[in-house]
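Here you go, one structure.
As written, the chain order gives the labels A, B, C, D, E and F, with residue 1 at the start of each chain.
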Amino acid sequence: MNTPLHTHPRTLLVIVAEAALEKPLVRDARARGVQGWTVSEVHGRFFEGEREGAWEADRTIELKLLCDRATAEALASEVLARYAPHYSVAMYFTPAEVLRPERF
Amino acid sequence: MIDVVVFFFLLGLFARLVRSELKLPEALYETLSIYLLLAIGLKGGIELSKQPLATLAPEVAALAAMGFLIPVGLYPLLRLLRLSGVDAAALGAHYGSVSVVTFAVAQTALARANLPLEAQAPLWVAVLEAPGLLAGILLARLSAARDASGPPRWGELAHDVLFGKSVLLLVGGIVIGAVAGEAGTAPIKAVFIDPFKGVLALFLLELGLVAGGRLGDVRRFGFAVLLVGIGAPLLLSGVGAATGLLLGLGTGGVAMLATLAASASYIAAPTAMRIAVPQANAALSITAALGITFPFNIVIGIPLYIELARRLHP
Amino acid sequence: MIDVVVFFFLLGLFARLVRSELKLPEALYETLSIYLLLAIGLKGGIELSKQPLATLAPEVAALAAMGFLIPVGLYPLLRLLRLSGVDAAALGAHYGSVSVVTFAVAQTALARANLPLEAQAPLWVAVLEAPGLLAGILLARLSAARDASGPPRWGELAHDVLFGKSVLLLVGGIVIGAVAGEAGTAPIKAVFIDPFKGVLALFLLELGLVAGGRLGDVRRFGFAVLLVGIGAPLLLSGVGAATGLLLGLGTGGVAMLATLAASASYIAAPTAMRIAVPQANAALSITAALGITFPFNIVIGIPLYIELARRLHP
Amino acid sequence: MIDVVVFFFLLGLFARLVRSELKLPEALYETLSIYLLLAIGLKGGIELSKQPLATLAPEVAALAAMGFLIPVGLYPLLRLLRLSGVDAAALGAHYGSVSVVTFAVAQTALARANLPLEAQAPLWVAVLEAPGLLAGILLARLSAARDASGPPRWGELAHDVLFGKSVLLLVGGIVIGAVAGEAGTAPIKAVFIDPFKGVLALFLLELGLVAGGRLGDVRRFGFAVLLVGIGAPLLLSGVGAATGLLLGLGTGGVAMLATLAASASYIAAPTAMRIAVPQANAALSITAALGITFPFNIVIGIPLYIELARRLHP
Amino acid sequence: MNTPLHTHPRTLLVIVAEAALEKPLVRDARARGVQGWTVSEVHGRFFEGEREGAWEADRTIELKLLCDRATAEALASEVLARYAPHYSVAMYFTPAEVLRPERF
Amino acid sequence: MNTPLHTHPRTLLVIVAEAALEKPLVRDARARGVQGWTVSEVHGRFFEGEREGAWEADRTIELKLLCDRATAEALASEVLARYAPHYSVAMYFTPAEVLRPERF
């Protein structure tokens, strides 16, 4: 009943990390021009990892950032360099499409 | 006879050791910790309202110095145990700061022993929160030549401690108690005073569960962590007791300062270190502070420190 | 001397203003609000069980009319402040409805002032919940020519208010208290009566945090929101007091109706307006109701309205 | 006169039937259930500390047998109602196990009726938790020829029940109460003893909401589930009363065993069955246990069983 | 060890919105034939937006609807027209594959 | 400003199921070599289903497993065979890319 919608490709960058990183990650995302963010509280484990969540840091968050591919990649590289050596961080990209391109 | 609240701690410990799925909801844990801080502050404030305000300045200065110097003093000892510089610094920060629940348990132990405690004792907890963290971060900076994460954001850090939950609720409670006084706070006694020990029991059940979860890591870190977890409080209780005597406190006050010095922070310190010294091994610190020192103090340490204070203070 | 529960509100306000990370868990907030509603209802019900049931019909009718007319009366005044039609309607709805916590604080203030309050007062809160919302929605419909979201679902709305948390728990508590009576409710007194003020203190701590978070928006909306947030309660307290006199209430009752009229809903109203009048600026209403009027009433308004009732009621 | 806590249950039931959005936060529900288990255990333990320890072995053996045999006895009857083998087995398991809240309500009813209850009664609850589940799982295995999910993990199951929340907190509370005694537990009385009934009232409000949500399913399962939900407790109360007489219990004890036998588990059993007998219709069991039997026992059953015990026990 | 599974393409429509929209959004989805829904409680912010969650509406939800592309597009258009003007709503499509086509 | 990142394709397997399955599902995933997992608490409904969450099982979880396609497919088949007949389970695959291939 609808003609196909015109959508715009974007990338969803998902970062699963210890909760202590929420504030700095959001700050970094904002600095790179990401226009919004969504956080859920999750729990989980990286089976074979040597590092492991500490007591208050046992809380884990999943941060989702919807933006263009270049921004997602730049942000991911920064996170990898800055936080991954010392913090629990898992990251992946997922393709996404949006309707209002000016917002994401 | 062991205090009933300690049994709850042991029950939690037991539950975790037998791998029970018992778990207190996180919201309850947060509620209990807010409650304890407010209630401790209020009680102290009410006491303060009854007596002329002592000149607190020397106490504040002495305690801030003690909190700052504990990590500095522990640092070389921890290095001897082959801990890395950042690990020694971060671990020291935990002992420089304090544990509020350990304070609460010591408070009830003193009451049972009929040893009066200085009215301003809750203030000590607030004063001791930050200096140790500061020292730990400085030591870590000095020991780590280069640091990817850039210079520490001191302003942010100071703000987070000063207006963090612990200091804010403790000091807030003290001020409300002092201003409203015994009569003014009477209508809220049924919530903040009478149920205190029962709530503390629940909180200790939870902490038993958490501490039990940390015990498993002891094997991972081996003998060193055991040595630190038990040796540090024993050593530091002496430092605390000495500070208490120097300040001319009563037997209860000396025992309490011994306890506070011996106690390790397992909330403010891990959070602050995670942000300011991320290279440090968080699991090591928390295992020592929460897995060993906390149970040790609750079950064995506090009676010991009270005994110590009695001997030192004729 | 300021009531001790108000200090907790100020502590929460302060914490937010200094950007403390202090936060009460959402589950605690919900628990406290369920508790307050039930406890207020129960207490009213127990009082009602002790006395012959007054003919409540005139009160119910007068209060429903008052709640409905408040948004109607405020509408032109708010339009004068250059608010859009829907914004004026939605904001009016907040003032037509009531704040339960403001009721609770007024109740304890009356008790401290030794002014008896009519037993059926909790019923007033229940009656006043809905009519203002209804009027606000109607006004918004009249002012907005076309509306994308279709006609309001009146049935759903009526259901949501009548069987919403507030009315259900208040009326449920009243019925239980009235049927079980003083003797029947004695075994649950230790939960629902004795700790009431302490729990209210905790709740006010939370509301201080929330209200503080709204204060930041005041600058955004400027002088108009300040004028509304302080002017509306002052004006409406007169309406409430007059209604109370008309109904022949005692001094306590007059003061309470002044308070209820002056209070703005910050739970039922925002939720209902968000669904029924989505075009309205939600942040504007909530800033006025929770950021300004609520603190104003808690700290300054209630003593004022009690004084007013005393003067009006010889 | 109906007990006040039952009114809270009815309020919850009503709220759900009128589709109110009233909802207690999950953390509150969990907190209340932890509290009730601990408090029941503690109270029992304190009583036990006052008297020479009876030889409990015969009671434990008899109750374990009763719990195990209930599903076995119900199985053929449920099959007559055309339930499948696994459904009959799983449903039976719910009735073989017990409901802690039903115990708590019966306890307060006995107190109101001035019928003394054996001090070790909380232990009965702990003993009755598991045997019915075991029998249910065995019956399901026998009735289901092939089973995709492989043999049950008995070790895991035993562990989950023994160190599950209910048994651990009940037994933990009993041990603490018994060891610390009346004097030792006095400081936590304000939390674990005095507010017990009020907390139970809140818990029943929540359970009214949950049970009300299940009532809707009754239509789906039709007459059979109604018959089971009311017939089973009536029948089983006789079994429980007989066991109580055999064990030589007092009137209170006989009434309590009748209640426990008649009560159906709605926490441990559904969870265990979901894992061990996934083919069984979980909604059917929970509708009978929580939607029908629980309300029936709370409102009608308990007074009936007390009356029964009085007649049987001259 | 398995031969490749036969999967069926679908679209995951993710709607991040203020909690007040949960009921109406689920109603709309159902009306369009979506067979199920999943909601998580999240928090987040749209940095540059003028609108902002109000007090009770501070709660934000993430609604996930797995359905065919046409349904997802139709639903998204409807949401854009009906709610986006007055409510906080962020939306995106993500490709997904399912095994049991009759269920999604 | 960055040259394009080198990413590695993976599959995100999302399983929405009753909470009772969390432990067994994580066990199965681990047995198949998945290196980590993330769980969020969600709520939701399958509209037309005959089965329906029971009381304690009313809690629903969303389990996310990031791994290679073959593992995701094998795991999904196993879940379908073993749990879907008796439990509430919804599953889908989403394409994903990661930076550190050795971790996922």
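As a convention for this text, contacts are C-beta pairs under 8 Å (C-beta built on N, C-alpha and C of every residue); 3 or more make two chains touch, one makes a residue touch a chain.
Chains and their UniProt names: A, E, F = Transcriptional regulator; B, C, D = Sodium-dependent bicarbonate transport family permease.
Here the structure is a predicted model, which means the values were calculated and not measured.
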Relative to subunit B, chain with the most remote C-alpha centre: E
Most widely separated chain from subunit C, with each centre as the mean of CA atoms: F
More contacts between chains, E-F or C-E: E-F
Gap in Å, rounded to a whole number, between the CA centres of subunit F (Transcriptional regulator) and subunit E (Transcriptional regulator): 19
Separation of mean Cα positions, subunit B and subunit A (Transcriptional regulator) [Å, integer]: 35
Inter-centroid spacing, subunit D versus subunit C (mean Cα positions, whole Å): 41
Numbers and ranges of subunit C residues touching at least 2 other chains: 25-27
Touching two or more other chains - residues of subunit A (Transcriptional regulator): 40, 94-95
Chain-chain contacts as defined at top: A-B, A-E, A-F, B-C, B-D, C-D, C-E, D-F, E-F
In the complex with subunit F (Transcriptional regulator), residue positions of subunit D that touch it: 148-149, 210, 214, 266-267, 270-271, 274-275, 278-279, 282-283, 285-286, 290
Residues of subunit C defined as touching subunit B within the complex: 1, 4-5, 7-8, 11, 14-15, 18-22, 24-28, 108, 194-195, 197-199, 201-202, 205
Residue ranges of subunit A (Transcriptional regulator) touching subunit B (in the complex, touch as defined): 18, 20, 24, 51-57, 81-83, 85-87
Subunit F (Transcriptional regulator) - residues contacting subunit A (Transcriptional regulator), complex: 1-2, 4-5, 7, 10, 12, 30, 34-40, 66, 94-100, 103-104
Subunit C-touching residues of subunit B, taken from the complex the two chains share: 25-27, 30-31, 34, 38, 159-160, 163-165, 168-169, 172, 175-176, 179-180, 184-185, 187-192
